């Protein structure tokens, strides 16, 4: 297994998660496990209110750099064959894919944990700014306590996670 | 959100994980998160020996029933919009998809945990018998201690997992 | 007619059987003993640890009475999905 | 030419600026003060908690000296991916 490859893409237009998965699968020769997370825009907020549109802003250059840093953390921690991240920006409608994270490893636990980790870190640390439009009302979304808790899950188990990677898929 | 749907398929011929994912995504209206696991046949064993073929046997009727039971456990434990499982039988070559597990939920933690749980239970409990052919040598694979440990992860955290489901995606 | 099936390693030594239960065979232990007498290599495989019996789609944990409408499966340890 | 960018809530009140640093502006605090004087609504938004400053692609944690070749981004709390 050589160095893991990483594809990071900021997409201003709708993307096709299945095409990304197919492309990723072709590239992960030797992997036994692929985990793919697809996030979809929900038409309702946590309180059940309708969201008519979601607008994502990113900071070109810096956002890619920060995501690269997050992926590097995962690559150090788990023996990945490769990873792929696609993140939308711009205006999104309900049901549209907003994020795609795929990881491949020889063993399934590493692929699961790395994808889960990447999503937690993206949610907490990736430089995106979101505006929800509800009817005539637009509001910027600020980070939620839950996202920081999700990220904190990975803090105190570094040794543990490494030990588990060594097992068979 | 209505009752979760479940698709379980035993495939005697190669299947297309991306087609399954696309079909699944079309059906999970209202979900915010899809996690898909794809298991691929590895050309090497844990000891680095070449495997020229993997043959999977199942017990028609009983295997489906047991997988249905495993999925029911996950559906009780996590608020899923739907789940889909495809499992190969017959002769498989290196690189071919052997198992596909997809889960969809409103929130990402539930989708991740349910997919991880399903794979652990499938690995430990699903009625499949595997024969590895290495050169002229064919041998039946027996369950590995690791698979039973993976499954045991889910035993003592029932309350915990439920509490975590309530959080936003 | 009872159906007797073999999975995993056991399927290397025997094909499925669709027939009335042999004379005098009234439970799973008696069936195991009869199969082992008829087919020595199968008998050896049936004696290995981890062999489990499924009757009418349920694993059994103790010898079970059998009738001619039952489906009985003998399985070596399953490899998992 | 310095580049001054605004993200999130702050981008509702100001467009990107590509210009030499204003006279007398030598660090990020001075730039924040200058922007707040020029644009009262932006000033209000910059005073809210959680605003962070990125200079040349790195978050800063203390006021930083600036030059005319710097890229300075003012950001409201990020929403995450």
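Chains here go by letter, A, B, C and D, matching the order in which they are written, and residues are numbered from 1 within each.
The definition used in the following text is that a contact is a pair of C-beta atoms (placed from the backbone, for glycine too) under 8 Å apart; a residue touches a chain by one contact, two chains touch by 3 or more.
Please read all numbers here as calculations on a predicted model, not as lab measurements.
A.B. asks: What chains do chain B and chain C have as common neighbours?
C.D. replies: none
A.B. asks: What is the minimum number of touch steps required to go from chain B to chain D?
C.D. replies: 2
A.B. asks: Using mean C-alpha positions as chain centres, tell me how far chain A is from chain B in Å, no decimals.
C.D. replies: Averaging C-alpha atoms per chain gives centres 21 Å apart.
A.B. asks: Taking each chain's centre as the mean position of its Cα atoms, how many Å separate chain C from chain D?
C.D. replies: The mean C-alpha positions of chain C and chain D differ by 77 Å.
A.B. asks: Counting in whole Å, what is the centre-to-centre distance of chain A and chain D, each centre being its mean C-alpha position?
C.D. replies: Centres of chain A and chain D (C-alpha means) sit 28 Å apart.
A.B. asks: Counting only Cα atoms for the centres, state how far chain A is from chain C in Å.
C.D. replies: Inter-chain centre distance comes to 49 Å.
A.B. asks: So which stretches of chain B touch two or more other chains?
C.D. replies: 119
A.B. asks: Using the touch rule from the top of the page, what residues of chain D touch 2 or more other chains?
C.D. replies: Chain D, residues with two or more chain partners: not present.
A.B. asks: Can you list every touching chain pair?
C.D. replies: The set of touching chain pairs is A-B, A-D, B-C.
A.B. asks: So in the complex, the part of chain B that touches chain A is made up of which residues?
C.D. replies: Those in contact with chain A are residues 17-19, 21-22, 25, 28-44, 46, 95, 106, 108-109, 111-112, 115-116, 119, 144, 146, 149-150, 167-169.
A.B. asks: Taking the touch rule as given, give the residues of chain D at its contact with chain A in the complex, in rising order.
C.D. replies: Against chain A, the touching part of chain D is residues 5, 7-9, 11-12, 50, 54, 57, 73, 75-81.
A.B. asks: In the complex of these two chains, what residues of chain A are touching chain D?
C.D. replies: Chain A residues touching chain D: 57, 59, 61-62, 65, 67, 87, 99, 119, 122-130, 140-143, 147.
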